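Let me begin by handing over the structure; questions about it come next.
Chain IDs A, B, C and D follow the sequence of writing; residue 1 opens each chain.
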Amino acid sequence: MSKSTHDRLVALRRDLHRHPEPAWREFYTTARIVEEVERIGVDELHVGPDALNTDERMAVPDDDVLDDWYDRALDAGADPDVLEDLRGGFTGAVAVLRTGEGPTVGLRVDIDGLPQAESDDDDHVPAREGFRSENEGAMHACGHDAHATFGIGVLERVKESDFEGTFKVFFQPAEERVGGGRAMARSGHLDDVDYLLAVHVGLDHPTGEVVAGIDGFLAVSHFLAEYEGEPAHAGAKPEAGRNTVQAMAAAIQNLYGIPRHSEGETRVNAGLVGGGTATNVIPEESFVEGEVRGETTELKDYMKDHAHRVLRSAAEMHDVDVDIHTEGEAPSAASDRALADIVYDVASATDGVDSPVESDKLGGSEDATFLMQEVQDNGGLACYLAVGTDHPGGHHTATFDVDEASIPIGIDVLADSILSIAENEP
Amino acid sequence: MSKSTHDRLVALRRDLHRHPEPAWREFYTTARIVEEVERIGVDELHVGPDALNTDERMAVPDDDVLDDWYDRALDAGADPDVLEDLRGGFTGAVAVLRTGEGPTVGLRVDIDGLPQAESDDDDHVPAREGFRSENEGAMHACGHDAHATFGIGVLERVKESDFEGTFKVFFQPAEERVGGGRAMARSGHLDDVDYLLAVHVGLDHPTGEVVAGIDGFLAVSHFLAEYEGEPAHAGAKPEAGRNTVQAMAAAIQNLYGIPRHSEGETRVNAGLVGGGTATNVIPEESFVEGEVRGETTELKDYMKDHAHRVLRSAAEMHDVDVDIHTEGEAPSAASDRALADIVYDVASATDGVDSPVESDKLGGSEDATFLMQEVQDNGGLACYLAVGTDHPGGHHTATFDVDEASIPIGIDVLADSILSIAENEP
Amino acid sequence: MSKSTHDRLVALRRDLHRHPEPAWREFYTTARIVEEVERIGVDELHVGPDALNTDERMAVPDDDVLDDWYDRALDAGADPDVLEDLRGGFTGAVAVLRTGEGPTVGLRVDIDGLPQAESDDDDHVPAREGFRSENEGAMHACGHDAHATFGIGVLERVKESDFEGTFKVFFQPAEERVGGGRAMARSGHLDDVDYLLAVHVGLDHPTGEVVAGIDGFLAVSHFLAEYEGEPAHAGAKPEAGRNTVQAMAAAIQNLYGIPRHSEGETRVNAGLVGGGTATNVIPEESFVEGEVRGETTELKDYMKDHAHRVLRSAAEMHDVDVDIHTEGEAPSAASDRALADIVYDVASATDGVDSPVESDKLGGSEDATFLMQEVQDNGGLACYLAVGTDHPGGHHTATFDVDEASIPIGIDVLADSILSIAENEP
Amino acid sequence: MSKSTHDRLVALRRDLHRHPEPAWREFYTTARIVEEVERIGVDELHVGPDALNTDERMAVPDDDVLDDWYDRALDAGADPDVLEDLRGGFTGAVAVLRTGEGPTVGLRVDIDGLPQAESDDDDHVPAREGFRSENEGAMHACGHDAHATFGIGVLERVKESDFEGTFKVFFQPAEERVGGGRAMARSGHLDDVDYLLAVHVGLDHPTGEVVAGIDGFLAVSHFLAEYEGEPAHAGAKPEAGRNTVQAMAAAIQNLYGIPRHSEGETRVNAGLVGGGTATNVIPEESFVEGEVRGETTELKDYMKDHAHRVLRSAAEMHDVDVDIHTEGEAPSAASDRALADIVYDVASATDGVDSPVESDKLGGSEDATFLMQEVQDNGGLACYLAVGTDHPGGHHTATFDVDEASIPIGIDVLADSILSIAENEP
């Protein structure tokens, strides 16, 4: 990679880092990606609603939240024409190169930030070097700024190569809420994809390591249960209330008691809960926000069925109402070994990669699995790889950062893998 | 009371004490009562099914249990002809005297024993003097042997007196399970009763005390919830079970959490619970036997509604089935002051009563309330009185006993009150 | 009461209404009271820390909250010299008149507002007539603006009368959090009080009613339990967390299950609870804010002991830490009939009172009970009375308001009762 | 195997089947084994306490239960001299052959029956052919009668062979309660064992299948928590009780909520629970009998620590006492492949074996793991194999039975494997 290309990509990554935007609020980010894609030049560019199945979005924030972030993006200098297309939280883009006969290869990168305040300590490079988040309370604490940069860098490399076939880059929004994968997977743009790569930086692998095939995605489903009862004075009329905090407590106790499953790992967590208004009022409202997971999609569904039953029965038990929403969801998936082998071979031959790794387990969830599954269901192959990066703080913490030396490594491994895939059609 | 009458009544009481029979199993007891009533001679005698509304019995044991006790009664020498009428657990009797114009006055006494083993300690009079229970595991530990004796003694006294009117003695079965009161209250025999007395010995009042009017009956409802799920090997297939012990635990936790009520006292207790078979089997069956109470019948119903909802929702929560039975029930009631005043005056003038008391609170439950309420609903008056007796052990314990000196006192107070009531028609 | 006095007092009440200040933040209010008391002229005036036992305050907010309200009071024009004395949340005052030989009579009024937004509907008189709260989110929704006005009005009336003895007005802060009563009760200023009156407007009694003696105060104790555990990724390392939401749920379930008590009413409520940060993080922190009550102080203590045990054991059960704070507390108390009789007689003879009532039950809690108990423990008498007022909305709601016609009625009844008490020394 | 040997072994198995004896009650069984071993003739025979580390027994029944079974064994004709050694529940035996230089090879077989009533249906072979259990309520429902027979048959075969080395047969008691493995493992008799085989019939494998190496033993720990509180009348004095059923319910709810573990499978079950005496009594006693398991011994310990904490805190929460006993325990273990390969080769060449299987998972628990671990910790090898048998009913059911055709197969595979091991010393 030339010095100038390198500098341009690092500058892009830092610009995105300065403007982290959580799920469905990637207005600035999408506009900036569009700008870069248009600079490169592609055969098709699908932006916002055209990149999604708009009925399939999950975990979309309220309109006023969306509007607020829209205005911030405008203030930060995003292109108003692009923004107009994104209004209402329709973010993300799909860029397409068509260059002769050959297979259709896809690359999926996610682009959203997190609701996490960023460190302002001098030890934290973005703080010291002036590209710390300008959106207080939000941060690229999981490296999706690097992922978006990978997408641009690889697009550029493939465009300049002798690639034969169709190449698509999926700039996916709302991964952190597992809210965007399904909408992009069902957009139609995956229908003709024969091979799909997806990528993540870090994951506790240092710069110089590349993991060719990640497995062990836990399928996941987020839920929000909102209880509504009746308030009453706790001293004068305790019997007149319908107590949502009692319902919430019964639900929590029994959620964690969903039976373990002999066919694989399951998880449940009531991660954010609350209720009531004052000590002397029988609590009228409460909520439980949580998640279930499973080693397979079936195990996730087993947990989800049980969890929803518990949440519902707890309401019935205390004579209160409950609304249960599924806030985000992702299936399980597995990397195809045939693709992973190509990635492994490419990585082994790539400058800067000193420790290629055949495979590893994620142990968490990711909605890239929706896109992987879509391709696999159509008879294609999919592979999720990790590009190591020295990250001082853990993922999702205030001091997370990407070692920029890993950016060209990631682009090289991805671009060369794509060329090899198109040539070998495994 | 003549020495011979006294001796005969004490002998009767001891005979009943030797043959304690729990709820709906009072075969020997009823036969013995019938024998005494026939000796005295009455105008009507309604036995077993004729003394009850047979559809209204509650807490009736299984047939094999009934049959077992039936056979015991036969073995103990009870009259087979009388027993034949009682077959199937239709116990109890109503004796009627009709002697000229006047009001109808009733006396209700209960006759059942308890499933409580009796002390065989020499300090325990029945053990020492040879009239300890011959039905191992059963005992007259609440003095209903004395109550039945009161009924016979008073019947005799009223028969011999110049009483004018109708006098009925209700020998009620199954009070300890609050299972018999309703069936007798709705038998029709209460319909013409203008005044009703009911009586209890002891209640922590010593010999020589008589409490003219007892109040503070808590309305009560017993429940039995039986859960049924699916067993599974807890190690190999935990997900294949439907766990009734988890349901039971959720039910118990939330039963005790039914909100307190500002209009009066409420109670709840899961008094007998169990479930499962072995450590390595997901428990297929469990049960919760318990009760709710209220200072009023309405408060009891409030508790019952909530308890049943909790019991049901706990089943739903763990995907198991539940059957909920109401096993016994009694309303609240209050003694009419006008009757209590007569009892108080009579007691004050009775030999052996040194401490007449105007009123006291029961703090427990009693299904005499069904009969009291029936009379009161028809415009009559009812009063529940206590005849003190020195009892060495507490009610429902292995060393409970009645001081036989209180038997003639009780008969005198009751008989004279009945005569005074008939004369004064308050 | 003269027109000018009336107008002045109504203006005072409206000024206080415009500046509602919650517990321990009554900076403007205290300064305004001091101003009025100094206008009237008294023999002693104890302000802020001098009016309190400063070690006995409960439910004091954090310093930054106090500072914020301090600055508001300054901005609203409160006397900076008075404010200086109150810094740190030492609010309230005690005014003393000494006029010859005679008993010491006290009047306790509370002065704090509530964290409740006030209606801006035109039907709401303070909104329509321009004295709606200027402290957004805070409101005099329980009439303590009228209580403070009673204090000033009565002080003025007693000063002008032929009262012989000592008269003290206790302007008590932080009643709504039951946080100020104890600190004022133990200030020393109650030690010589022979007779104490306390007063409340409204309580669902209309203008024209006066209740001479209020009873049925439930003793109360507020608690705040803060749980601290360990976060962990709920998918990748569920075993690494120490889960405070599980602890919280176990605590709530078992708090409501504290056994009922046969000696009187008890209450428990987990009124405000919360925990956790995100669906995929094992919750590191949670809290339960709640209260227990009892018909007597002993019953409250029974509930408090049980509640604290449950809160502690729930932490132990899930291997997390817990801090339990008692946030506010008040004993039970009873109005002395001898004082209530005087109030009743006075009320019966007062213009504007058309329905004097002998007694009523509060059914809630009040920390005037600390002051009443202090006086009673010293051999004095205490009485809590209610001055009816037509209030369109309920207490503690956005549309609560005081009918200003009840202000002179309250002042007349209180002042005349005080004169009668001093004269009759019941 | 000769017809006469075959008939003798089948007769032995049927005799043991007629006298099933649960954990630590194998009096008849041990005496019968001793008789057979003495008939064969061995170099050492350690019986009862000499075969065990007597301090390490778990899940030993009460003395009166032991005495009762002792008397039954005597009545059934067991040798009184042998019985004398076993008094107090010290059952089991270790038989030792020493025949020249060579390694020490062990065979562990378990010998206890189950508390399970046996079918008396004519379809059930033991019923039809007259060797159904004579101990009503007890049954060899898991094939340990065949295991003991394997032990005798193999001992005889090895004695008659040209085996060089030391051969030990461990007749282990109390496997079903995972109570005997530890005591035998730590008896000292394992210290010099270089190779250990353990065996089970059936496990859903038909006659003709042999599984050479079983893995997937879940480590297990049984617990019995006994709660003791205070009874009280649930209506009159609810506050006077200390309620063990509330404690039990809190324990159950939170046991099932022990967090899942990312390092492997865990299990928990409250398999047998109960409490209380009557609906109107606050329950004084309750118990929870259950188990935890883990894919590794560490995971079992993780579960055990959490379970005991929950059981204890639940007592503290409701102010009751609790005793927690570990009733039985077994670690995890794995079959050594080197031994399993020998077994596989031997089985493949054995008459009657048509489907040799390399390995399978148990999915349950077994305390042979104590002996396996002891050998492995000393540098030896261990292997657990399954000898298929057509069993009409499932393990632990009333119609379980062993196809006697599998008895000579098992003996051949075991004996030939032992010879091959001694020869090859893998």
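The definition used in the following text is that a residue touches a chain if its C-beta (ideal position, glycine included) is under 8 Å from a C-beta of that chain, and two chains touch if they have at least 3 such contacts.
By chain, with names taken from UniProt: A, B, C, D = M20 family metallo-hydrolase.
The shown structure was predicted, so the numbers you read here are calculated from the model rather than taken from an experiment.
Undergrad: Which chain pair shares more contacting C-beta pairs: B-C, or C-D?
TA: Looking at contacts between chains, C-D has the larger number.
Undergrad: So, comparing C-alpha centroids, which chain is the farthest one from chain B?
TA: A
Undergrad: Suppose each chain is reduced to the average of its Cα coordinates; what separation in Å results between chain B and chain C?
TA: 50
Undergrad: Distance-wise, how many Å sit between the C-alpha centres of chain C and chain D, to the nearest whole number?
TA: One centre to the other, that is 68 Å.
Undergrad: Spell out, as numbers or ranges, the residues of chain B touching 2 or more other chains.
TA: Within chain B, the residues that touch at least two other chains are 236, 238, 243, 246, 250, 253-254, 256-257, 259-260, 262, 267, 282, 363.
Undergrad: Report the residues of chain B in contact with chain D in the complex, numbered from low to high.
TA: Its residues touching chain D are 218, 220, 222, 233-236, 238, 243, 245-246, 248-250, 252-253, 256, 267, 269-283, 286, 289-291, 293, 327, 363-365.
Undergrad: Would you tell me which residues of chain D are touching chain C in their complex?
TA: Interface residues on chain D, with respect to chain C: 236-239, 241, 243, 246, 250, 253-254, 257, 259-263, 282, 302, 306, 309-310, 312-314, 316-319.
Undergrad: Write out the stretch or stretches of chain D touching chain A in their complex.
TA: Its residues touching chain A are 253-254, 256-257, 259-260, 262, 265-268, 363.
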